[in-house]
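In this document, chain identifiers A, B, C and D correspond to the written order of the chains, with residue numbering beginning at 1 in each.
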Amino acid sequence: MNKVGSFIGRYQLSHFIILALLIFVVMPLALDSFRLNMVGKYLTYAFVALGLVLCWGYGGILSLGQGVFFGIGGYCMAMFLKLEASSPENTAIQSTPGIPDFMDWNQLTELPWFWVPFQSFTFTIFAILILPAAFAFIIAVAMFKRRVGGVYFAIITQAIAAILTILIIGQQGYTGGVNGITDLRTLHGWDIRTDEAKTILYFVNGLLLFGCLFVARYIIKSKLGRLLVAMREREDRVRFSGYDVSAFKIFIFCAAATISAIGGAMFTLQVGFMSPTFVGTGPSIEMVIFCALGGRLAILGAVYGALVVNWAKTSFSESFPELWLFAMGALFIGVVMAFPNGLAGLYQTYIAPWLQKYVPEKFHWIITNRNPEESGAEIAVAGETASEDEKKSKAGELSHAGN
Amino acid sequence: MLETNKHIGPKDFVLSIEGLTVSFDGFKAVNDLSLYVEEQEIRVIIGPNGAGKTTVLDLICGRTKATEGSIKFKGKELTKMNEHQIVHAGVGRKFQNPSIYEDLTVFENLELSFPRGRNVWGALTFRRDKEVIDKVQEVADMIFLGDKLDMPADLLSHGQKQWLEIGMLLIQDPELLMLDEPVAGMSVSERKQTAELLNRITKDRSVLVIEHDMQFVADIAHRVTVLHQGQVLSEGSMERVQNDPKVIEVYLGH
Amino acid sequence: MFADYSMAELTSIFAMQGFAGLILFSVFVLMALGLAIIFGQMGVINMAHGEFMILGAYVTYLTSNVFSAYLPESIYGSYFFIAMILAFFITGALGALVEWSIIRHLYKRPLDTLLATWGLSLIMQQIYRSVFGAREVGVTLPDWLMGSYAITDMIEVPINGIFVMVLTIVITIAVALMMQRSRLGKQTRAVVQNRPMAAAVGINTEKVDRLTFALGCGIAGIAGSAFTMIGSTGPTAGQLYIVDTFLVVVFGGASSLIGTVASAFTISQAQSTMEFFLSGSMAKVLTLLTVVIILMLRPEGLFSLKMRR
Amino acid sequence: MHSGTRPKTGNLRRRSLLKNLLAIPAALALAHAPSTLADAANTTGLAVTADTVKVGILHSVTGTMAISETGSVQAEKLAIEQINAMGGVLGRKIEFIQEDGASDWPTFAEKSKKLLVNDKVAAVFGCWTSASRKAALPVFEQYNGMLYYPTFYEGLEQSPNVIYTGQEATQQILEGLDWADKTKGAKKYFLLGSDYIWPRTSNKIARKHIENVLGDKVVGEEYYPLGHTQFNSVINKIKLKKPDVVFISVVGGSNVAFYKQLKAAGIDMSKEKPLFLTISVTEDEILGIGGENIEGIYASMKYFQSLPNDNNKAFVEAFKKKWGKDIVIGDVTQAAYLGPWLWKAAVEKAGSFDIDKVREASPGIELTTAPEGYVKVHPNHHLWSKTRIGQAQKDGQYKVVYESKELIEPNPFPEGYQ
């Protein structure tokens, strides 16, 4: 903890390794390529959930518009792929060959200016990383500089998601409308639709996810992470210790946006299209439940949350389609009421002690974290979510309304 | 009361408040207030409930924005600055109820208050080096918590929490320290220790204290300002203020 | 764009457009009123508000079926009033149940009420789908509610529009009176301002919470019942209202009924004016965008008192 | 379908007899040599055994689209049941695997892949919205599956792996506009739609036709977001512009709001001033809108439940028997019903379940027993079909007032309309 290099303790490391084994070894061995691709898709949602752990769990900022950033990332990637798929040869039957098919149907005769740069892969990567952060920055500066938080932020981000959906659907000549950008084929001539390509993309996705997990881990173990925890408790104190609270909130919100966008870009690559349904209010809230189920303070929990919810969704809707919404609804209510710390809390309270009984003592460091030096804010905070929200509700959310 | 100050030029003051007014929907919590604090002075503000004492501190540290008037700290206008900029300028504030991070340890509380890595990048790259550890230890010893560094802050007694918050200010080494009721809820022995602590730490800085406990005020105050209905009612030495008929009327009249 | 039309035509169109704006205003107020009580007074974010409205609509649908099946045709015309009263009590009762089983455990965690009620909304949708089928149901309206009243040749005023407006006025006044005058209203405000103190002076805060929540849901039920006249009744129809409703409440400053009414008025007039001059989609986008930007610049909403912290 | 041998009139009857005759030797051969034929019929590793064949049904039964897609699921199940009752396809009973698209487009792609790769189904009947089809289409093309898509849609697509059993936009629109122009003397048109691709494409075609072919005028074109429920402003615009025809492609819950508000605004739709012509309201939607609120409008489609032919009477009877007497059948439901029958015909013509052979066999397939009447598969994989104009009645049914004389050729990439 005293050195940057050791930001992952032994206990955390063991859990990173378990997750890595699960994603990189168990899943690919146990699943056929069809199921593996589905898991790959679920893992793209884990990026969003991870972003939410940072900005909601740690920063106390609940955004109901994370789908917006997921969508921006996804659309950037889709624009690049669509341009590649719309070579003049492929689109020879169109009245204007060389532009995406939906533009041709909408009487566009040349590529709109904002599509042009997406012919470059470098620019696309750049856009995926920068655009969502820039958009998040604008929202965050406007709101956090004025100390808007909590519920208001949630509702405004939800409205932004709604606006963006209507815009994308309405401007179909430029965006592909409600159908989205479909029929994406190759990346630099490499066919992304084959099983091999999907397996490779799965691993790339997994590696990127781990990259983001490490970044997130670094952030929350840094002083910035402790400051975020401190801010949720005593925003004024942090301010009067000389910190610009809004700057930290802006940073963490932008970081969450970028992480979500990476997920979105990987989604497009693995699923083969992008559509406005992932931008709207519904999916944005669903993504919050991935995070809540995993444990809003657990970065690894975000991955498990995304996997479990989506896995349940798929298997439920395969066997009992009618019951799926009941299960999903019950999950929301149950997690909030019974397990505010999600799977991570469940693990720490019930599973870890149970495991300890059966595992030799010298391996206990894998199961629980007993070294307080390693724990830092994270463990101290576990189990405290309720009370923090409580304070938050009094301090942040209602205060700015004038009380 | 103000004529005593008239012959002193503004540059001698650490803090000079002039014509300060703040109104909440027409109610003037602070009304055309002027107040001057000298270097290394311990100034205590007293006054009945609702006199605007806490509001004055809020205004100085930027928590509340002034409707009119100016607050100059070492020649810098504070009314136009954000809270954290005011802190950077050298003003530290302790709240009425101890405002510490209860989920963090004493060490972490002090470490977070250490004035390094205050921007985003700094916070990301902040490292707990020897300088930090030494400084934390030094401050902790000063606030009688040297042996409690690893204790979660919420396990401290009320008085210890007050000290911790004072320590969190000290580690920033502010030139103006503002304390809102620092001995409220403390035992008699804790009060004594606190008075001693304050006397020690105020050697090279100015202090603005709000306090109700008159004995404590008498122990520490260089000068006393009495606020009433958002205005200065009386100002001067403790003795002088205590004998001011207007002060007596306000306190007894209630 | 108006060169082709006579003065009389333009006048009547503008009159009707103004009226359209007023109907939209009434719709917004009805939608938002229940939420304003729940969110503004209790700080609870009820994402299932739209589903409570749809419950009111389904109650109306069932009442209408019962009336046409079992009761003489002569009194069919009055079923709508019965339906609204039933909608109020049934949604209110469900609201009380939800408050008891879920909300009361979450008062200190407003963001968590958001998630829990979202879950609740999913469950309610699926219940509607299982009970009433996935399709929309057609609510037959009494004849006297349909049709319009012609003021001049050009100006025709829809009767159900007037009905919604009158209903809105009545309910708004009733709610305002209740909050200001009645015992429950005073107790609610007391509890909102200082819960421990209210409890200390003998107010049964649990009961007040339950009744307030039930009242908010009940009003949503009435709104849903009224909306069968102008909108669709299906399992997911409630979702259509939720973003608009929250924006109205937040834009109004959350804590005051006057704010909610003013905000509903501003948004509805802006939207209906823009709809007339622009295409419908763009009007919607621009309205939402303006509201969001104003909220960013003035987060406390239109109406709120600047108070001492 | 009630019965493949029900007598038909004229040349249709001859055709169907001919086909039945041709089928006999195949059936005989099948009865005598089941094992060898199983190989011949099953050459691409599909889920075909000696006595069963698996197909997929892929619609949303949850989520917002469940409202619309339920009818299609019911129709497809009915068709499969009837085919099985007649002895199945190439002597094999059809077993269906139903998957839920959950109103979520990637789910459609996912489930398509599951059906094709894991279940190896011989055909899929499914998708409803264009978005779901667009999402699933690459999967069908990649894994060479066969999709029977029931919805009327915007055209601009022609995939070797899809049979489009609904009408593409020109089939539905042009006849309706011609009818309004010729028989009603309409000169001014107002176009109104939900804001997404199908209404926009439809209105684009409509506008070209109105302006370039009919020489009439479009006085307004408006779009509202999906799910919009406040239409008073646009109703005022209609009153101001006084069009002869309001051409409507509003979908979903918005429909209910639109027609109720239209009626409340004092517009009597049966007075035909203006005349309301929709391409999006089937009997299914009227159920939610309420017959009394929409009485008098016209719809331009290929199928109405009230079509008086015998095929349809038997179909409606069977459908109600299976799914309840209060159920209504809309255009898409009927088109969905055609899917399994068209597939059966193609498989029998090809003598194989092999996807490539079925595709080759598909163009020219005729269905004489279709409830809408005779249909035929065009080489572009759409159907030749008639277009009808129906007028909505108070009971929620359409009364057919006009029927195109000829089958209309499907033209998914209409020259001059793009």
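Remarks
Heads up, the rule we're going with is that contacts are C-beta pairs under 8 Å (C-beta built on N, C-alpha and C of every residue); 3 or more make two chains touch, one makes a residue touch a chain.
Just so you know, these numbers come straight off a predicted model, no measurement behind them.
Minimum number of contact steps separating chain A from chain B: 1. Remark: among chain pairs C-D and A-D, C-D carries the greater number of C-beta contacts.
Greatest Cα centroid separation from chain D: this falls to B.
In this assembly, the C-alpha centroid of chain C lies 38 Å from the C-alpha centroid of chain D.
Distance between chain centres (mean CA atoms), chain B to chain C: 49 Å.
Inter-chain centre distance (chain B to chain D, centres taken as mean C-alpha positions): 77 Å. Chain D has its Cα centroid 39 Å from the Cα centroid of chain A.
Shared interface positions of chain D, defined as residues touching 2 or more other chains, are 61-62, 195, 223, 225. Those residues of chain C in touch with two or more other chains are numbered 126, 129, 239, 281, 284, 305-307, 309. Among the residues of chain A, those touching two or more other chains are numbered 166, 169-170, 322, 324-325. Residues of chain C touching chain D in their complex: 5, 9, 13, 16-17, 19-20, 23-24, 27, 126, 129, 133-141, 146-150, 154, 156-161, 229-237, 239-240, 271-272, 275-276, 279-281, 283-284.
Residues 39, 43, 45, 47, 102, 105-106, 108-112, 114-116, 118-126, 129-130, 239, 242-243, 246-247, 250, 253-255, 281-282, 284-285, 288-289, 291-292, 295-297, 299-301, 304-307, 309 of chain C touch chain A in their complex. Against chain C, the residues of chain D that register as touching in their complex are 61-64, 66-67, 70, 195, 222-225, 227-230, 232-237, 239-240, 252-257, 260-261, 263-266, 284-293, 396.
Only residues 61-62, 99-100, 102, 104-107, 109-110, 113-114, 117-118, 129-131, 134-135, 137-138, 142, 154, 156, 195-197, 200-201, 204, 223, 225-226, 413, 418 of chain D touch chain A when the two sit together in their complex.
Within the complex, the chain B residues that touch chain A are 61, 63, 82-84, 87-88, 92-93, 95, 99-104, 108, 111-113, 115, 117-120, 123-128, 150, 152, 168, 172.
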